[in-house]
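When the chains are written out, they are named A, B, C and D in that same order, and each has its own residue count from 1.
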Amino acid sequence: MEGLIAVLVGVLFATGTYCLLRRSIVKLVIGVILISHGANLLVFTSGGLLAGRPALVPSDGTVPPAPFGDPLPQAMVLTAIVIGFGLTAFLLALVTRAYEAVGDDDINAFRNTDT
Amino acid sequence: MKYFILKEASRVLFPALLVLSLVVLYRGHNLPGGGFIGGLLAAIAFILVGFGNSMKRAKDLLRLNPVQIMALGLATAVLSAVPGLLFNAPFLTGEWLPGFSLPLLGKVHLGTPLVFDIGVYLVVLGFVLHSTFSLARLADIQMEEEKS
Amino acid sequence: MPSFLVISLAVIFLASVIAPMVVRALGDRAGWFLAAAPLAAFGLFVSQAPVIASGASLVYEVDWFSALEASFALRLDGLSLLMALLVTGIGTFIVIYTGGYMHGHPQLGRFYLYLLAFMGSMVGLVLSDNVILMFVFWEGTSITSYLLIGFNHEEKSSRWKALQALLVTGLGAMAMLAGLILIGMVTGSYRFSEINGMGDVLQASPWYTAIVLLILGGCFTKSAQVPFHFWLPNAMAGPTPVSAFLHSATMVKAGIFLMARLNPALSSVGGGGLWEYMLAIFGGLTLLLAMFLGLFQKDAKSILAYTTLGVLGILTMLLGIGTEYAIKAMVVFLIGHALYKATLFMVIGSVDHEAGTRDVTLLRGLRKVMPITALAGLLAALSMSGIPPFFGFIGKELIYKAGVGLAGPDLIFLVVAFVGNLVMMGLALKAGVGPFFGKADLAALPKKPHEAPLAMWIGPAVLAGLGLIFGLVPFWVSTHMVEPAIAAIQGSTIHSLELALWDLVKPNLPLLLSALTVAGGCLVFINRRRFWAVADGVLARIRPLGAEAVYDRLFNATIWFSKFQTIRLQTGRLHDYVFFIVATAVAFLAWALFSFWGQPVSFAWASYDPLIIGIVIIMIVAAVVAVSSRSYIKVLAALGVVGFGVALLFAYFGAPDLAITQLLVETLTVVLFMFVVLRLPPLKSISKTRTRLRDAILASVFGALITVLLIQAVNIQFKSPISEQLAAMSYPEAKGKNVVNVILVDFRALDTMGEIVVVAVAALGIAALVSSGLIKRKEASK
Amino acid sequence: MNEYSLLLPLLLPLVGAICLLLGHNSLAFQRVGGVACASLTFILSLYLVYVVDQADFVVIQVGAWEAPFGISLVADRFSAVMVAVSSFMGAAVAVYALGEIDDVRLRKFFFPLYLVLIFGVNGAFLTGDLFNLYVWFEVMLIASFVLISMGGGKGELEGGLKYVVLNLLSSIMFLAGAGIIYGQTGTLNMADIARTLSMTPDAGWVTSSSMLLLVSFGLKAGIFPFFFWLPASYHTPPSTVSAIFAGLLTKVGVYALFRAYTLMFVPIFPQVQPLILVLAVLTMVTGVFGAASHFDMRRILSFHIVSQIGYMILGLAFMTPLALAAAIFYLVHHIIVKTNLFLVSGMVVRLKGSCDLAKVGGLLKSAPWLALLFFIPAFSLGGIPPLSGFWAKFAMVKAGLQIESWIAVTAALLVGVLTLFSMTKIWAEAFWKEQPADVDAQPLRNPAGHFAYMVVPVAVLAVSTILIGLFGEPLFSFSERAAAQLLNPQEYISAVLQSQVEVLP
């Protein structure tokens, strides 16, 4: 199954990157959201996928019955999702404020600080 | 009027969601769930109140300032490491009370990882609510401006 | 016991540090007090002269930066004694002179601070035996002279000239640093005293040529050899005591000193190697160019500057010729020059100070009002002209002796020396004699002149007098200064010196050349007005061809290029940045992926669950919609579809925790988006179609590479993951049945701790942004 | 007890931040608590350096889970010295903040954010786990995001947006790279990754995922061609913030690059070496030209960060004992000096209302002591002996000559001259030149705190520059010992994976 998900990851990276390359600053948020989804899926997939076998210890056992989905990437992804959520929320506020302060949503108008 | 349904729903859902979040928090160690999910659920409960009623009402229900909640959550998470250190184990070592049984809950294990998860719960709750309240202020102003 | 070498250094630096306080306490008289420091050092050096003359050398060493082979190693041998005596001796008078010259100047304390720090660096430079220590002092002289040359820093030209001196010498110093390190690597030593014994090792090294060129890069820039000569006349921007000090015994001599220091190591055994020819040719060129330009100068200080340049050329050339006479001539010339050049600069400074101008076309007949200054100037000028019995004569005579010993094409250097000396004499008269003789026209001067105060004439008088005394009775000088120095430069002892006048004044070819020089010099002096008449035109025509013009052009080109490059790179458009970064990432990834391709990739394409295929297709469509739609509703819906799709995938592949979290986060993201969406501008596409196409191609390539990378990663596993152990330990040891949760709160709780800090801070940030927006809004509405 | 030497400098800033959050009503508490916590962290970090130098390594297996199953916190000499010097900056800049940061910012939790930044930076230096490093990067980044944009001024928001977007891009690449490396090696512990890769003949396959990390770390470090965010944003927030960023943030990227290529990716380093060398040289050159093109003190300094990062990366590319020692020494020197210069720029702003060189002047006359305080770090940066920068540059040049890397050495030397040029530009314009008559340069109105709070840290840092220059031998030999550790990753691996637990085949 990984091949298909890999294609999806690629598409998410591509669309996300494309959004980051747009000039309208709201697109930046969209781009970051998309590319984060891509990265999360990528981490999730990179160890291999297994359908429907969560790593849960059954009530009468001591170890999860093999095979089970690799729990470590899941934990990483969970961390990454929450961090990503925090960053996205912040970026959203930042974009809103920046738009207000500059009065333009064209990122090319944002060039007073480095030229 | 258009928020009437939401208002009614929030009245019912608020306590339900809050309880659910606590359950999810507690059972997270053994079944899907945990501090994140619990915290997010609790936050959604408050946000529902905010939508159905008003953000101010949600804040009142919260009683504490979200910043304080986050700080308490962080403090809880850090403090969960202390018992381990007292037993001369490395930082964040889990320490467990002996297991015991309770009615309803069955066999109970209480330990520092659960305390840690409570910290996570609080921080996530505080984070979502602080952001929501802040951004909601922006939206309120926007509406006022449009009215005037 | 700390060696007297350290004391002599410390005294000068100490004086430098306390100078501002001393000036605050004593005012103008501070000079007399501060001069005690170099004088004390001078005394200490004199006291050691007999020891050095006996062939011994004094060494002092403490560890310093031994990891980098820098030690605080000082060594007093003949060459360093000579230089140290000149620096401290002349320095004493310069310090005294400054008190008079800069009388009442508000920044006098700062000036002394710089000047004495400079002097200390110079003394340290000549005393260092460790190469790195020498470099430290070398840069010390650069930076202090930068401060001194730019002392009148409110004038733009001063700042510009100071910068020029710093950049030119700094550039050379960098080359030299590389050269010194190479020497260290070849010889394995960072001690001059050891390196100088390993000339053969150095010359056998493949890096010999590089070493010579790099070292000369440093020496030539410092000693203002062609084509780096231009900074020296410009360094006149500093106050006159600075010029007097820098040009007579210090800064510019540092390069000469270092060449002399390394001469035993770098000169070829039989002579006639790269080192010798580089020195001789560039020295000769410097001399000729300096004399030519000097002819047209009208400012007395500039005239002296060009003669300094000429002398530096002669000294370099002599070192390059490298015969025993040449080295002798060089040492004697060095001493003589230091004496008369310091005198002349101070004299001109006094004239400037009293008469208000340095224009030699205006200055005339000042001897009546400034008798002592005039006498000093006259003596110095005669010494410089090489008239017997002055010390300058001995130097010149030795040059010719060295010159007539040459043969074949090398004789050209004799011609060069002759021409140079001839013009130099004319210039000497012009600067040192012209202003004081002839018919006075005091009314033409900006100020009414009278004799300079004691502080300002004592130095010139003493130094000029010494020029005469040394000429008449050269014994002490010859045994204590000249002989040891020659020994040090040659790396071997010498036979006989013939410094006394009666040894030199014999009817032979050198004497004839001397006589011709005098005659020619007088001719130049008499015809000085002819040169002045055409001066402006000639100089204006030469300037664009000169080295300074090249420097200017290089400088401007650097600035231009820096702007050009920076505008290209730092465009201010985020779009460009992202594009550049992603493109680089694509290039790196592609290189790595296809150069180090792993095992063949195999897939069972048929085994896909149609449900998953459906979800993926829907998500891809949604992602494309999210990118391309211009309606917020559609975009948010599409993002929601993608997010829920991800959650479904998580659920499908056995990650219920992730699925739930993803669902909740997705919901909250939409909620947060709703709050601000009203305030956001409508979505629109701004870029041109071509740009969009370009971006789409780049993004697709990037995505494709990520896909390939992921497929490759899935197929390569070096060993089975640690998570199998984690799952096995989860319940027995960590008492949790949900392995993912156990990882989050136990195995990797530190990650989670970091993560909750992140979200907490994000919340604070959102609140900070919103409240700053509200404040701004309130201010605006007021 | 050794564990505490590592744990305390890491944890104290977090505990401090939590306390400040809880006591958010009192601004006095914010000030006192912030400075006290930062200073204490610094003192404790010195103890860490001492302990590490005695014991070679301090390792904590967090949660008592043996490596590689839990997260290892590891301090070797390199990380210890980085922690110490960044905590030093943390303490110095915290004092400075008292003079510059106004009440509005304090109410927006300036000090808690500041402490979280230090927390993140120290965590990044001390972790021995790849994914954990990602988390520390995020902690550090989010704190810096907020610090850079919290003022809400137009410039801050503009620069901040670029800063945030590009750094998010970098984070995502890091996450992707870490995920793929986990997929390939089945572990996240850096020592374990290193061991796994060193035991396989096919290590070349991780080159591609290492490229993701290279881009990501390179972006954080500000190397060519990823540095754009830096000159765009560093000059926009108050000098306190610029200074701490200049001192710490990019250095974490440099640190990560060092860790990656001296530990994890040792087997593939030979293939990547030429690439790193080229990037290092281009970073030096483009950075210094960028500085030459600008005429504003803080913009010049920002570009010089880029240029100097190039020197450090050069040390990595040379990969000899001397080069690594030189790079570590350079890091320490640079952090102190660059922080100091940004702090001075803030003082110029306070005195003249601007640090645009076209608008200020005459400072040598009106504030000679400030001139001295600028002169020392500036000429140290320019590599003038006997200040610290000279030894750093000298050692690096020597290392380059030893391996006959002529082009890199030439570039390093020329860049040195241009650096000197930039510093003299500031010196000549701000200090030597007369105050332009047509510009009305007024001291800042309503300064936040007493000027002495700004002077003292600047003076302390200037003195340390001199001390490192005059008595830098111990520091350099410490750097050599640290470099020796870096060049012998086996020590690190066995220190972390004490029991050498064999993972199931």
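Basically, contacts are C-beta pairs under 8 Å (C-beta built on N, C-alpha and C of every residue); 3 or more make two chains touch, one makes a residue touch a chain.
Here the structure is a predicted model, which means the values were calculated and not measured.
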Ask   = Once you count every C-beta pair in contact for both, which comes out on top, A-B or A-D?
value = A-D
Key: For chain A paired with chain B, centre-to-centre distance based on mean C-alpha positions, whole Å   = 23
Query = How many Å are there between the centre of chain C and the centre of chain D, using C-alpha atoms for each centre?
reply = 27
Interchain centroid distance [CA atoms averaged], chain B/chain C, Å = 62
Query = Could you say which residues in chain D touch two or more other chains, in rising order?
reply = 14, 62-63, 73, 109, 131, 135, 138, 142, 145-146, 149, 152, 161-162, 165, 169, 176, 180, 182-184, 186, 188, 228, 231-232
Task = Hunt down the residues of chain A that sit against at least two other chains at once, touch-wise.
result = 20, 28, 38, 40, 42, 44-48, 54, 56-57, 72-73, 76, 78-79, 82-83, 86-87, 89-90, 92-97, 101, 107, 110-114
Chain C: positions in contact with at least two other chains = 567, 570, 572, 574, 578, 582, 656-657, 661, 665, 668, 672, 676, 679, 706, 710, 713-714, 717, 721-723, 726, 736-738, 740, 744, 746-752, 755, 757-759, 761-767, 769-773, 776
Ask   = So what shape is it, when you link every pair of chains that touch: line, ring, star, complete or other?
value = complete
Task = Show which residues of chain B lie in contact with chain C when the two form their complex.
result = 28-37, 40-41, 43-44, 47, 66-67, 70-71, 73-74, 77-78, 91-92, 94, 96, 109, 111, 113-114, 116-117, 119-120, 123-124, 126-128, 130-132, 134-139, 141-143
Task = Within their complex, state which residues of chain A touch chain B.
result = 54, 56-57, 78, 82, 86, 89, 92-93, 96
Inquiry  = Touching residues of chain C toward chain D in the complex: what are they?
reply    = 63-68, 110, 132, 135-136, 139-140, 142-143, 146, 150, 153-154, 156, 159, 162-163, 166-167, 170-171, 174-175, 177-178, 181-182, 185, 558-559, 561-563, 565-567, 569-570, 572, 574, 576-578, 580-582, 584-585, 588-589, 591-593, 595-598, 706, 709-710, 712-714, 716-726, 729, 746-751, 754-755, 757-758, 761-762, 764-765, 767-769, 771-773, 775-776
Task = Report the residues of chain A in contact with chain D in the complex, numbered from low to high.
result = 20, 25, 28, 32, 35-36, 38-40, 42-48, 72-73, 76, 79-80, 83, 86-87, 90-91, 94-95, 97-98, 101-102, 107, 110-114
Message = Looking at the complex, which residues from chain C come into contact with chain B?
response = 656-657, 660-661, 664-665, 667-668, 671-672, 674-676, 678-679, 734-738, 740-742, 744-746, 749-750, 752-753, 756-757, 759-760, 762-764, 766-767, 769-771, 773-774, 777
